[in-house]
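Contents: one structure, followed by commentary.
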Amino acid sequence: MNVELIWTLITAAALFGVGIYGALSQTNLVMIMMGIELILAGALLNLVGFWRYLHPDVAAGQMFVLIVMTVMALEMAVGFGIAIARFRNKGSVEMEEAAELKE
Amino acid sequence: MITGQAIFIGFFGLATVWFGIVVFRTFSMVRSAIALLFSQTALGAMFLTMQAEFLGVLQIMMMATEMSVMAIFMVMFMMDPGGMGEMDMSHQKRLSLIAGFVSFVGAVAVAVFIDWGPVTITVVDTAKQTEALGLELLGRSMLIFETAGITILTAMIAATAVAIKPVPLTVNNSTTGDLPVGDFPVDSLPTNSLPAQKEDKAK
Amino acid sequence: MTTLLMILVLAIGVYLLAVLEHWISNGRFQFSAPAYSAIALLGRESVVPRKPDLLFFEVGPVLLLITALLAAAVIPLSPDLIITDLATGALFLNAALAYILVALIMAGWGPNGAYAMIGGWRFLGQLVAYAMLVVMPITAVAMRAESLMTTDIVISQAGLWNIFYQPLGFILFFIAAMGLAFLPPFDLPTAEGEIAGGVEAEYSGVRLAIFRLGRLVLIITLAGATVTFYLGGWNGPWLPPWMWSAIKILGVAAVMLLIGRYVPRIREAHLLAWCWKAGIPLALLNIFIVGVLLVEYP
């Protein structure tokens, strides 16, 4: 229970909160994805904090972080593919207009 | 007990959260993307301060490229990427503020009120860490690694397939060559080898 | 102390590279040419375009210089002449060089000009092309050295230089390094005849001087990286180690600058097609070959 671990967890909680605010309040798909990036960044920071201060000799902690980073990159790639397809069909990526899938 | 590491973690933590807030406060889209980039860089710097050197360097490297790609997608898709019109493109602001605040308070409560157990201060040397990570990756977690590899390949193929511009079928049901025509005396036309470039008019 | 010495050596190297560039492009070997052009640049008027994005406009060139200096921090000139010997040195080099893209995007978007913006986004496309060709040869080099520290990588080449052990990787890394430094024939962001100077176009005076200085430091850093990874670093028969490093780095930088005068600029679409369809399979083949060689001849 030292200062560094607590501060790391609080920072990750703040990132998580800002990410949720962004993901819920933005109308554009790209901005929503930015919010999701912040949420995942908070989770990553928590993972690294727990690895460093509680179990620094277990390499599986870093392995977990690698997998989460990989998943972040992948969901961005697929998300942008979907954004391109949507933009080609409708001309915008505003999520408010996407409430119903038919025009 | 405030050590040097605590000061750096505090500084970079504040930088991360501040840049994260700037992402949603600014009107300019490109500034938003670059602010997210520097937020992730500060996060990578926090990893480096916590002596997870490989992870920190990896985070810094990956996020620079990813956020720049995000920046160009902003410019492609948004109607005001420079933010000069100062439009407010958000909805359900109160709900999202409440949700964000509640999640922040909840996470902080969990962090502060749980006893995490004994804290280990010393870490192994970073070169040995990298070696241990490599051995773990190709030893015990080999299955996870291979699954991740297959997932990456699938995602790449899926993203490319979704994003490819469809070429309409033309006269002889071929996607290359020949002009896209209806009932037209095709035999009198000279054949050319240009692919049909008329998808926009078909919309 | 070592840091200051390395920065001094880097400054001398950058000056010599500027002299080399002047010789290659003008045909005259004039030792004071960079000093004259620096004084001229600093003395000129600093024109700020109308309604720029001031934050990006100012930060772009400075970030380019800082990134190139950070990347030069892990290049060893001799066994004890290195600014910081990180345990993940080779990967840190790649990470720092990723911010060249951020600097060029800022320099492209900041001045609120069409040509500059196009230059900036072109560099993003170029990065998509060369990024894998930088990382995969480094992977093969680190496989041989069994470590990511740059000093270990140089020590592992004491017997046989990597350019003979992994020639395919050397070719790919050399091409990718030229793409990273946006040297001709990969100078799409600052294409002179095509987009009126591109990213450099809207800068003048002090900011242009910083931009050019950052570009020169970047070229020296990439030449240093090529020498460290493939040409044996400081290994050599009679001269002291740092002199070998200096000669090799300047030689590689001169070759990088010379090639641009004889090869036409490569179009973005062709660059992407060649790098992804030919370059990445070759890089993977290089890793495979190096793996087999390492198992057979330890």
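Remarks
When the chains are written out, they are named A, B and C in that same order, and each has its own residue count from 1.
Assume a contact is a pair of C-beta atoms (placed from the backbone, for glycine too) under 8 Å apart; a residue touches a chain by one contact, two chains touch by 3 or more.
Computed from a prediction, not measured in an experiment: that's the story for all the values here.
Seen from the Cα centre of chain A, the chain whose own Cα centre is farthest off is C.
By number of C-beta pairs in contact, A-B leads over the other of B-C and A-B. Work out the mean CA point of chain A and of chain C, and you get 32 Å between them.
Separating the centre of chain B from that of chain C, both taken as means of CA atoms, is a distance of 26 Å. Annotation: 8 Å between the Cα-based centres of chain A and chain B. For chain B, the set of residues that touch two or more other chains comprises 54, 58, 69, 129.
Within chain C, contacts with two or more other chains are made by no residue at all. Listed in rising order, the residues of chain C touching chain B in the complex are 53, 55-56, 86-88, 91-92, 94-95, 98-99, 101-102, 105-106, 109, 112, 121, 124, 127, 131, 147-149. Looking at the complex, you find that chain B touches chain A at residues 1-3, 5-6, 9-10, 13-14, 16-17, 20-21, 23-24, 32-33, 36, 39-40, 43, 46-47, 50-52, 54-55, 58-59, 62, 66, 69-70, 73-74, 76-79, 89-93, 95-97, 99-101, 103-104, 107-108, 111-112, 115-124, 129, 132-133, 135-137, 140-141, 144, 148, 151-152, 155-156, 158-163, 165. Those residues of chain B that touch chain C in the shared complex are 28, 30-31, 34, 37, 53-54, 57-58, 60-61, 64-65, 68-69, 71-72, 75, 82, 125-127, 129-130.
Contact residues on chain A toward chain B in their complex (touch as defined above): 1-31, 33-35, 37-38, 41, 44-45, 48-57, 59-60, 62-63, 65-67, 69-70, 72-74, 76-78, 80-85, 87-88, 92-93, 96.
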